[in-house]
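To start, I am sharing the structure in question, which I have written as structure tokens.
Order as written gives the chain letters A, B, C and D; numbering starts at 1 within each chain.
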Amino acid sequence: MSICKPLSRRDLAARIARDIPEGWYVNLGIGIPTLIADAIPAGREVILHSENGILGFGPAPAPEAVDPWLINAGKQHVTLNAGGSFFHHADSFAMIRGGHLDLCVLGAFEVAANGDLANWATSAEDSAPAVGGAMDLAVGTPRVWVATEHTTREGAPKLVERCTYPLTAPGVVTRIYTNLAVIDVRHGRFVVTEMIPGLSREALQAQTGVELQFEVPEYA
Amino acid sequence: MGKSHAEEGTGTMINKEVRDIADALSGIGDGAVVMVGGFGSVGQPDALIEGLIEQGARDLTIIANNAGAGRVGLARLMEAGRVRKIICSFPRSAGSVVFEELFRAGKLELEIVPQGTLAERIRAAGAGIPGFYTATTVGTLLAQGKETRTFDGRTYVLEHALHADVALVEAWRTDRMGNCTYRESGRNFNAVMAMAARMTVVQSCGMVAVGALDPEMIVTPGIFVDRIVVVPEAAKVAAGAEGGA
Amino acid sequence: MSICKPLSRRDLAARIARDIPEGWYVNLGIGIPTLIADAIPAGREVILHSENGILGFGPAPAPEAVDPWLINAGKQHVTLNAGGSFFHHADSFAMIRGGHLDLCVLGAFEVAANGDLANWATSAEDSAPAVGGAMDLAVGTPRVWVATEHTTREGAPKLVERCTYPLTAPGVVTRIYTNLAVIDVRHGRFVVTEMIPGLSREALQAQTGVELQFEVPEYA
Amino acid sequence: MGKSHAEEGTGTMINKEVRDIADALSGIGDGAVVMVGGFGSVGQPDALIEGLIEQGARDLTIIANNAGAGRVGLARLMEAGRVRKIICSFPRSAGSVVFEELFRAGKLELEIVPQGTLAERIRAAGAGIPGFYTATTVGTLLAQGKETRTFDGRTYVLEHALHADVALVEAWRTDRMGNCTYRESGRNFNAVMAMAARMTVVQSCGMVAVGALDPEMIVTPGIFVDRIVVVPEAAKVAAGAEGGA
């Protein structure tokens, strides 16, 4: 293992935010993706979509300014930016399923080199998994980025040859941001395009369940 | 604007407001399929759900995004043994203790539907569309048993309209004709469920005069609404964050 | 032929209006049905739907009060009653197709005893007939009433055994109001429930292309 | 309301307004499928249609409710020989002389779609639904060649999503982010077509500041809009009744 310092959840969110251009319509999943909202550079207009019928929501309100009728899909209180709008659930998922979002950023249990995403059920034997909007987002959005720790808490790889958990959708993930690296999914291969300073290719490979390709200098 | 027939006023008038919760829920029978609007606590018709517990109908099928939290509302209805089956997208969340107990004990049937498919199946019922195709669930466990079909080289599953006997929805402002507006993220499932049931019962945060709602802003026209009961929003405590989606 | 006086178009519209209860949501087709709007008894709230996204439209405006943005499906200028609302075409036909209207009143070229309606194309050889919303209304509305002259201008029957014109929808008509009679469509038979004063059963039958049943006194 | 990113203002800003009609229509190629909003003269993007005649694209497929009237707008585009095919519900009306001429001469392909099916096929394209079932046309000439299927004992036909390369729509008020409201019966096909094309071009009766449109009243959120060109309503003469539906 390397001695370099993995990104914090907040730094990982900031790293992802840097790559979201102005004008994109973006849905952020629960967990690390949610943190991206606060990390978007000031003055850059990125429009956040929430499954429960909001386009253009803003940061959390001050406690005394909470509006009970205004929550996001994670059921956290939010605000509405100027230019935001409200709509119902069928219209909201028409946006998602119809391919109108530019990007969704989701968490993952596992991502496979073929782009398969598993992020909703921890076992095929779980007979009451909560799917929410994950499957609609995964199949409907042209760019599906995953934000995740590179491994599980136990150190098991989350980037794998084939998912063992039940799939959210097959072949949809286009890029993965982990606390160690940025990895594109291309033609059934994981291609590393960025690594945290001081991390060796071997160290990254050792924490990954499938062979990586590298398009970065040995030490970034 | 033309002169309203209503204001000429010699006849009776359309008035969908009922006296109380009991009147609003009268006639819901055992075995009914009941849609419950809201997403988390926002737009959830709490008073109607509590009323349904009092009302006594059994063997219900509930269609809702979540399977209840804590031991109030939907969870209490389930705990009281009134629910046979629940159709939802997100049964398991931080507070879904009652669901967990009943489901593990085999006392509750569950149909998991992705959130977008759930919303669209409900809209389809309201729009007279018996079935439609979506790519959502293709290649996953949730596609098992579903018919698939290829359009332009991509595979889709067939989904069926989801009808109900009764829809319980919460609206922000209503008039006696049944026109409804919603507030902010309160529109959610309410606006589609209002279209999809044989009888739609609205828990309204407040009545206004006919003509007071901007015709450009009415989200659910009165054609979809059968009964309205007023429960001022002051009586509604926002339960706050519940976790899960 | 009888010597009695057939209803005028306006009187026919008024006869139909009498049968529309308060609180019904109603779509009125082009022609005689359109006249019903002005014939609804004062103080009775009947809510008129227009395919182009209006619920609760009112009478034509005074010429100086015409609003160019407010027309009905017949492209006539109308007003909006208090309690009216606007929506888009997909939502408008969701109301129609979803069975939410109580009634539509349509014109007809022919109606058959089995309830078949022909009101959109005058010949199967017409390769550019204008269908508009007629088929959606005919299949989606639980009660389809027809308002029509009892015969064509040439005296040919419009109430027939089987339609010869292309169908708008099969088996949908529930009642017919003509300038001579009110006729229910029941189990594949035409049942006359009302006739204009002085008209004989024989005279009515002579102008009809299929055998009638009568549930009226010989002379009303 | 939270503080808008827009108002912090160090970066560039989203601005979908373009300078003129030519910019609004640039890039529309020969063979394009073009949706044209409006119902009769209400909500019809007249200036964009006239602009499309100048722009010069040929071999177009037009999706619209009507096939034009008189010798202006859509009728003039057809008369100029730019339209290969029209998909509509009501081609023949009092003033549809150009359509009649071209159609009889075999110079125009026609697909007749019932108005509700037309609206729903357009919405389906916008909503990522490749196909759906409807009872409309069952048992009629228009069902010929369509696949049928039975749900609960009733027969339905399969209808396919109707996509376009470009949608030309008219809106009432817009902001630089592309949010749109419509006026009265002007919503009609505009709001669904705005969802269904690869590029949506809005002819707006007037721009307002971001935040000036009530978020409860925005019918077409900016996500569906690519370009906006302002044509004040004063320049738009209501052509009045045209007959037909």
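One rule holds in what follows: a residue touches a chain if its C-beta (ideal position, glycine included) is under 8 Å from a C-beta of that chain, and two chains touch if they have at least 3 such contacts.
Treat the numbers as computed from the prediction; the structure is a model and nothing was measured.
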| item | value |
| --- | --- |
| Chain pair, A-D or A-B, that carries the greater number of C-beta contacts | A-B |
| CA centroid of chain A to CA centroid of chain C, Å | 56 |
| Chain B and chain C: spacing of chain centres that average the CA atoms, whole Å | 35 |
| Centre distance in Å when chain A and chain B are each reduced to the mean of their C-alpha atoms | 30 |
| Residues within chain B bordering two or more other chains | 120, 123, 127-129, 134-135, 182-184, 215-216 |
| Residues of chain A whose C-beta touches two or more other chains | 80, 86-87, 90, 93-94, 96-97, 140 |
| Interchain contacts, given as pairs of chains that touch | A-B, A-D, B-C, B-D, C-D |
| Touch list for chain D against partner chain A, complex | 1-14, 123, 125-129, 175, 177, 179, 195, 210-211, 213, 215-216, 218, 221-224 |
| Chain B - residues contacting chain D, complex | 120, 124, 127-135, 149, 151-152, 154, 156, 160, 181-184, 214-217 |
| In the complex with chain A, residue positions of chain B that touch it | 39-43, 89-93, 99-100, 103, 110, 112-120, 122-123, 134-142, 182-192, 219, 238, 240-245 |
| Chain A residues within the chain D interface of the complex | 22-23, 25, 40-47, 49, 55-59, 61, 78-87, 90, 93-101, 140 |
| Partner chain D, residues of chain C touching it in the complex | 30, 50-54, 67-77, 80, 86-90, 92-94, 96-97, 121, 124, 127-136, 139-140, 166-171 |
